[in-house]
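Below is one structure, written out as structure tokens; comments come after it.
When the chains are written out, they are named A, B and C in that same order, and each has its own residue count from 1.
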Amino acid sequence: MNRPFFYQVRKFYNKSILLLIFLLSFIACVPFFFIVFFVFQKGLGVLNLSFFTQLPPTPDENYGGLANGMVGSLKIVGLACLLGVPWALFLGVFLSEKPQHKIAQSLRFVVDLSISVPSIVIGIFVYSFLVSLFGFSAYAGSFALLMILIPIVAKSTEEILKMIPHHIREAGLALGIPKWKVIFRIILPGTLTMLLSGVILALARIAGETAPLLFTALGNHFFSKSLGEPTATLPVQIYEFSKSGFPNLENMAWGGALVLISFVFLINFGIRFFLFLLRSRNLS
Amino acid sequence: MSTKFFDERLGHLKSLIASMGGCVEQMLKEANMIIFKKPSDKKKIYQIIQEREIEIDSLQVKLGKYCYRILAVQSPVAKDLRAILSIISANTSLERMGDLSFEIAKKGRELKEDPLLETSLDCLEELFVHISLMVVDCLDAFINEDEKLARHVILQDQRADSLKDKICLELKTCILKNKELIDTCIQLVGVAEKLERVGDQATNIAEEVVFLQTGLDIKHQEEK
Amino acid sequence: MKKTLIEVKNLSAWFKKNQALSEVNVEIEKNKVVAIIGPSGCGKSTFIRCLNRLHEEVEGAFLKGEVLLEGKNIYDSSEDPALIRRKIGMVFQKPNPFPGMSIYDNVAIGLRLNGMKKRSLLDERIEQSLRSAGLWKEVKDRLNYSGLSLSGGQQQRLCIARALAIQPFVILMDEPTSALDPVSTGWVEELLQKLKKQVTVVIVTHNMQQAARVSDRIAFFIDGKLIEYNKTSRFFTKPESPKSEDYITGRF
């Protein structure tokens, strides 16, 4: 048996697999780079001050912006996060801390299912029993997004908390700390970075959702005065303008897409930077 | 701890003890021959004894080294620890027994032949046989870890002491009767005393067997 | 003078249908180190986890019998497990500093969550605990570093300091050195001898030599039963039970 020869073969094999992995990863990223590239190319020219301050134009106007959509999106997504994130965190804690509990088991089943429910179905659902009673509103939009956000955040929270070894919890208990304090004062703060990653992921997802908002917040050509009115959102505006056939509106859509992407990026980096600051203040 | 390995080592150590014991038994037998049988090839037998003494010394060094190593590497506990400790102790005892046997043979070689000593020589031969039996028994007890036999050997030590006292008394009367015998008698007292000390060492080994089996140190208890 | 601190009476413990301990009776004296030894799965860990009521935190676990701490049954219905655990600290097999917490916070958290807020008091107690755990000199200039930035041996000493900070009078250790190298193990063992002056230690260990080195008493378990409870010096020279002898000489 010629050992050096086999060693060469194995080395070659190893290297080719590594190369394959690298190539596939690269290919997977290519569409992302194209999207960013196109959105910047088409959208950057549209951006100016009025884009952020004015209402959308009519097809024959050459100015205007998507200010109402941005404000609306912020309102709806913000409301959904404000209500949904704490709720989902509690749910995730419950699922991970009481894994054998009967209610937890059925809840986990529901959460797993609702992650895979298409968002348009959620839109129709909210439409059929909220909108049909109270009409189109930002509330209904937030509620639809909430239903998408909660299972995602709950699931990621559960998985992250499960990653924390049991003996860490027991170390807390062994110090004479009640169980709920162990979870909320030791485990959750300790996993804050990872938990927020889950939240950011969910946030990015709902910020771009169009289908459920079509049925719930509907849209508005003007600023809505309250959360109870139909409200314009960026994704819905992008959707409507891009299929309008008027070049100036299509440009507006590109601009909106750029703002949306940047918004998600900014939130992502913003939260990470905030955590970094927090951490470097505590742990120098 | 690799037990099989340890047991193998222990078996090896025991076989070394057995060969040391064998040497001692043979030396006693040969010393006996020199003193009582008055053989023609006295010198040759003495030489053999001398060689055995050297062999015992080298065995003692070897055993000591092995025990030291096994303690360092295996850190035995409980019975295993007691086994090693008893082997170390038996090793020392056997070496002493070898020395004593050699000295007995030396004295036997210098002994002048004298028919007048018959009765005390009879008594000395009885002591010789008694001690040899103790040595054989204590070795058997040690190799087979036989506590009963060991306790039997320990009890035999008293008889050895009284025999020795008897011999000394007889030799004393011998000297009083015939002053010319004084040199020979002193030699014989030395032989008896050394034999008695061989018996003490055999008792030591027997006591190690009891320690090995029970963890109890029964040395010096009869003195209390 | 013999002073019993913990008395375990007829303790049996189960995980669902599996019995982990049966009818254990032990008296633990004050300021002694008691080592629990036995083959894997013999109930060693379960036993010490019964002493600070951690056993009941496992799904489906329950027990019968009494554990008297200074004469009072810690399983009495009026006893709060959290309060019991403040008196009986625990160090685990793997070093487990709390994630995302500084060295200072790791030691302080037990005190803070038990109501001590004053910074000067905290500072004092934390220095004292870290000194007791033999870690102060190494970390005093970087108390703000993450607990996870320490080496394994340091982390384990940090966990010991964390347990000491709330001033328990018993410390339970569940194989505290099994994940450490010999030098760190030496540190921890030396520390045990010092700790003995202040607290009573119950330590589970797989390392027979370690049990022999650090403990005053040995409790030997097989299959959830206490086979022998004896002085360490006696246990390792002439154990009473032949099963103990077989186990410690590797003939189990």
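Note that a residue touches a chain if its C-beta (ideal position, glycine included) is under 8 Å from a C-beta of that chain, and two chains touch if they have at least 3 such contacts.
All of these numbers come straight from a predicted model, not from anything done at the bench.
Chain contacts here run in a simple line, from one end chain through to the other with no loop closing. Ranked by how close its C-alpha mean sits to the mean of all protein C-alpha atoms, the top chain is C. For the pair chain B and chain C, the distance between mean C-alpha positions equals 53 Å. The geometric centre of chain A is 92 Å away from that of chain B, both derived from CA atoms.
Mean C-alpha position of chain A lies 45 Å from that of chain C.
Within the complex formed with chain C, the residues of chain A that make contact are 99-100, 164-165, 167-168, 170-179, 181, 185-186, 189-193, 279, 282-284. For chain B in complex with chain C, the touching residues are 1-3, 6, 75-82, 214-216.
Chain C makes touch with chain A in their complex at residues 52, 54, 57, 59-60, 82-87, 89-90, 92-94, 96, 98-102, 105, 109-110, 113-114, 144-146, 159, 162-163, 166, 172. Within the complex formed with chain B, the chain C residues making contact are 208-209, 212, 236-239, 244-245, 248-251.
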